[in-house]
Amino acid sequence: MQRILNNPDNIVDEMLEGFVNCHGDIVKRVITNDDNPRGVVAAKDAPIAGKVGIVTGGGSGHKPAFVGYVGKNMCDAAAVGEIFSSPTATAFLDAFRAANGGKGVACLYGNYSGDNMNVKMAIKMAKREGIEVKTVVANDDVCSAPKDQREKRRGVAGEIFMWKCGAAKAAKGGNLDEVIAAAQKAIDNTRSVGIGLTPCTLPAVGHPNFEIKEGTMEVGIGHHGEPGVEVCPIENAANMAKRMVDLVVNDYPFTSGDEVAVLVSGLGATPVMELYVLFNEIAKILDCRGIKVYRSYVGNYFTSLEMMGATLSVMKLDDELKELLDLEAYSMGFKQL
Amino acid sequence: MSSIKNLNGRDILLSMVHAIQENKQYLGDVDGLIGDGDHGMNMNKGFTLYEQQLGDKETSLSDGLFDLGTVLMNKIGGSMGPIYGTIFMEMSDASLDADEITLPLFKNMMEAALEGLYGIIDARPGDKTLVDTLYPAVESLKASVETGKDFVQALEDMKAAAEKGKDSTKDMVAKYGRSSRLGERSRGVLDAGATSCCVILKAMADGMIHQLKN
Amino acid sequence: MQRILNNPDNIVDEMLEGFVNCHGDIVKRVITNDDNPRGVVAAKDAPIAGKVGIVTGGGSGHKPAFVGYVGKNMCDAAAVGEIFSSPTATAFLDAFRAANGGKGVACLYGNYSGDNMNVKMAIKMAKREGIEVKTVVANDDVCSAPKDQREKRRGVAGEIFMWKCGAAKAAKGGNLDEVIAAAQKAIDNTRSVGIGLTPCTLPAVGHPNFEIKEGTMEVGIGHHGEPGVEVCPIENAANMAKRMVDLVVNDYPFTSGDEVAVLVSGLGATPVMELYVLFNEIAKILDCRGIKVYRSYVGNYFTSLEMMGATLSVMKLDDELKELLDLEAYSMGFKQL
Amino acid sequence: MSSIKNLNGRDILLSMVHAIQENKQYLGDVDGLIGDGDHGMNMNKGFTLYEQQLGDKETSLSDGLFDLGTVLMNKIGGSMGPIYGTIFMEMSDASLDADEITLPLFKNMMEAALEGLYGIIDARPGDKTLVDTLYPAVESLKASVETGKDFVQALEDMKAAAEKGKDSTKDMVAKYGRSSRLGERSRGVLDAGATSCCVILKAMADGMIHQLKN
């Protein structure tokens, strides 16, 4: 394993220490609780009194997700789990506390069974403390369940649109229901798909987690290497783009005349140069289909350790979502003027 | 003997801890085939943290199960934190006031665990989860109580039922958890949670049998 | 090769098309010349009349370098070469033209023979057009030559400090000599070192460019896999950090009481999580040595395709450099409020 | 024949183009050992662009060398653009007014190339660069002119000298270019530029010999 590590069991805590040290202008660590000595990552001046708090959280290994989306006009706090594993209920509770400015908390997270259970338990505990929490559960990953079982779909890179829009709504003074509605609309309007090219290795495990044969690619792969819907010979960028666009556009469906935001994220080890090549093909196909790209984002926005491959997320915009997307934001993983 | 002193929980709990530690790699490998490979690590971390917290103190089985459940719930996160946390805390609750753990009480503890679990997950037998180990184990205990079986034999039967239940997951298609989206591709491999549950139940039974025989 | 490509020979042009399409709020493509149909990447409102133009350029495959550092208060234009290969003289000339606001151009680039020759030729051609160009040649890579032959050292991730400070000086109204002096001071005050953990594969070549045996690491490796000064068994993050700090700190040398900026960049495929673990160790060692970290940057700032590994760059600060570093900036690869 | 018509440049230039195309992989591999592996790709790109630009047009050797040099300089960048660009443009300059290319003129062309090259690089013989191929080739031509050798024989001798010079880089330590920082570790491998220079000179000589013999 060619990795930069001390004891693999401490990687998350050491990462956090470095992260908070590096980004002291954006975030702080809040530790209030012996049961969660790791604490949570909160925006520098969270909680903001009178603002709806935005909380997220999830397993580690997805940098910038999740702590990289804590910051100004973004999430107020994030709970941090072990690599690829949901944070504890206590951690989510601590995040609610750190984000709560008295107007309730919107917990915007991805649809994984562990996260669902821990968030559910945390909400129960928060209730006892008088913190009102409502949730939006991201389920943008098209290939993870059929369309008539959308409630089973995983949340992937489209979560970034959910955070961006939900957080912007809160920053603009929206109340809890309005924030939840905006975040829900964002994710309901978003579809994502991933193509995996290589597996990844959990540092504490020491060998690849699953296999993708050289010369093949896995369409619909999840952010933890959850198998996709098809393994096929690797294709060129143009054909990968076509597959991705087809899956995403036909599912929503997006149609001619729609205005959309596009996010192409690398899964970790694919050179960013190649993400632009892929985006270039995607943009051409969307253009052909009459779908107008209002804003686009290309980079390593939501990764899976050192997997190679990429995800495409497309969000249909309306005037409200445009305004929310346009708001400036400043977090480690998402900075926009 | 036909019952165990609740106060003598330490050895039973350590038997469970050591079984998980010894199977860390194996559980990770099983999870790696259709999950994300971290199951051994997660379980090992939680159980080892509990071992450290216990130190060389004595504990009743009820208190130990409660502490173990709390550690899992608070420290390991994932799905396993709430799932095993619930299982052990329910078992603790059901035995809190007892001095002696008899077969009927143990059956009640295990039934409470299953019911508690059903309260937080949607999976049921046949869905390729740890329920496929836990459910037949409970059923086996219920039958043993009804037929008035000896405690040791009941535990041996429970072990066999758990093992058979775990093995049955091999031919199932996962419906919940990370591997559920694999569909048919999840067939042919054991479920990681069912495997760890079997490891735990067998170690718990072995710890209890040891005391019943001595 | 598990890569996202069409024809590997077109990867640079396709990347550029995607890049400019994606970042239309920051950059534009300027094509003025049949000899350089690729054109150059220029800041959206370059050239700015009355401002010294900042130009850089270099081979591709180092994203965000070089085009990712074109933007507001950063470089005005960048010449784009093939993967790992200097841009042509014509491309540099086009970049000078695109950046020239009438007050001369500062060409801030890295010390590689190809870049040196092409910049030299481009400057000759620019002179004929009345564009005054001065250069700063980055040579921050400690392991690439002994200290008494600093003029032979390569430029690596420390170039980012050179661009940041040079560009800030220009943005604040400095004249060409002042801009050159600031950029020169930045790079003279900067030392860098890299550790390589895996090789990289040029898409058009199709197999790894060099070898780093599993279980070993290469200390002092260059951004194109130029061999380092030592190959040794892979170490934990704490020891890697110690080696890197020793090489960098002892060379300048940085001493107790110094205030510095720190940049930890991934080489491409190392998970960002691990960069924070490494930074965490580096910060501890610097602290022990009494060296104060004024600002720090961690991420994939200067990569080598899909190499694994990381670089450390440290710049000694004075009041001027602090002020220049602090100025807000907005480019794809460097955004700072 | 003892001279070549300058106007008949096409076949000589195409001989050079094809030699580079055939050696694309090999040059990349050589560069990969102590450089960055792109030498074959770079050279192939430049020479193939020139081939396309030439199309099925005739060209004089002087014009062709100028066009090839310009393409390399403008299109391939790297170190090789300015280096080979300079070499071919200098050869073109030195022969621009000639109808016939004689051995003395060809020697002058090659001398001009080396001098032009020295104007832009610091490397000299022994530094493990293409100079180690070019310099002995020029020396061989000078000796052939002095001793009044036949043009064909002089070209054969030049090929041998270039080959020997190229091979000599194997035992050298690189002083310039990417591999220069390798120090002792650069010993034992050919220099990529010396290798491509040898390929080019031999192909050029072969093209000329073909015309001299027909």
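Order of writing sets the labels: A, B, C and D. Residues in every chain begin at 1.
Everything that follows uses one rule, which is that a residue touches a chain if its C-beta (ideal position, glycine included) is under 8 Å from a C-beta of that chain, and two chains touch if they have at least 3 such contacts.
As the structure is a computational prediction, the values presented were derived from the model and not from experiment.
Asker: Which chain has its C-alpha centroid farthest away from the centroid of subunit B?
Answerer: Most distant chain from subunit B: D.
Asker: Using the average of all C-alpha atoms in each chain as its centre, how far is it in Å between subunit A and subunit B?
Answerer: About 33 Å separates the centre of subunit A from that of subunit B.
Asker: Quick check: how many Å separate the C-alpha centres of subunit A and subunit C?
Answerer: That gives a centre separation of 29 Å.
Asker: Cα centroid separation between subunit A and subunit D, in whole Å?
Answerer: Each chain's C-alpha centroid was found; their separation is 55 Å.
Asker: For subunit A, what residues touch not just one other chain but two or more?
Answerer: none
Asker: Can you list the subunit B residues in contact with two or more other chains?
Answerer: Answer for subunit B, listing residues that touch two or more other chains: there are none.
Asker: Hey, how would you classify the chain contact layout here, line, ring, star, complete or other?
Answerer: Looks like a simple chain-to-chain line, open at both ends.
Asker: Across the complex, what residues on subunit C touch subunit D?
Answerer: 9, 35-36, 59, 81-91, 112-114, 117-118, 120-121, 143-145, 152, 154, 202, 204-205, 209-210, 222, 224-227
Asker: Give every residue of subunit C touching subunit A within the complex, in rising order.
Answerer: Per the touch definition, subunit C meets subunit A at residues 2-6, 11-12, 14-19, 21-22, 60-61, 63-64, 197-198, 212, 214, 217, 234, 236-238, 240, 268-281, 283, 296-298, 300, 303, 305-306, 308-310, 330, 335, 337.
Asker: Could you list, by residue number, the parts of subunit D that touch subunit C in their complex?
Answerer: These residues of subunit D touch subunit C: 28, 32-34, 36-38, 41-42, 45, 73-83, 120-121, 176-182, 185.
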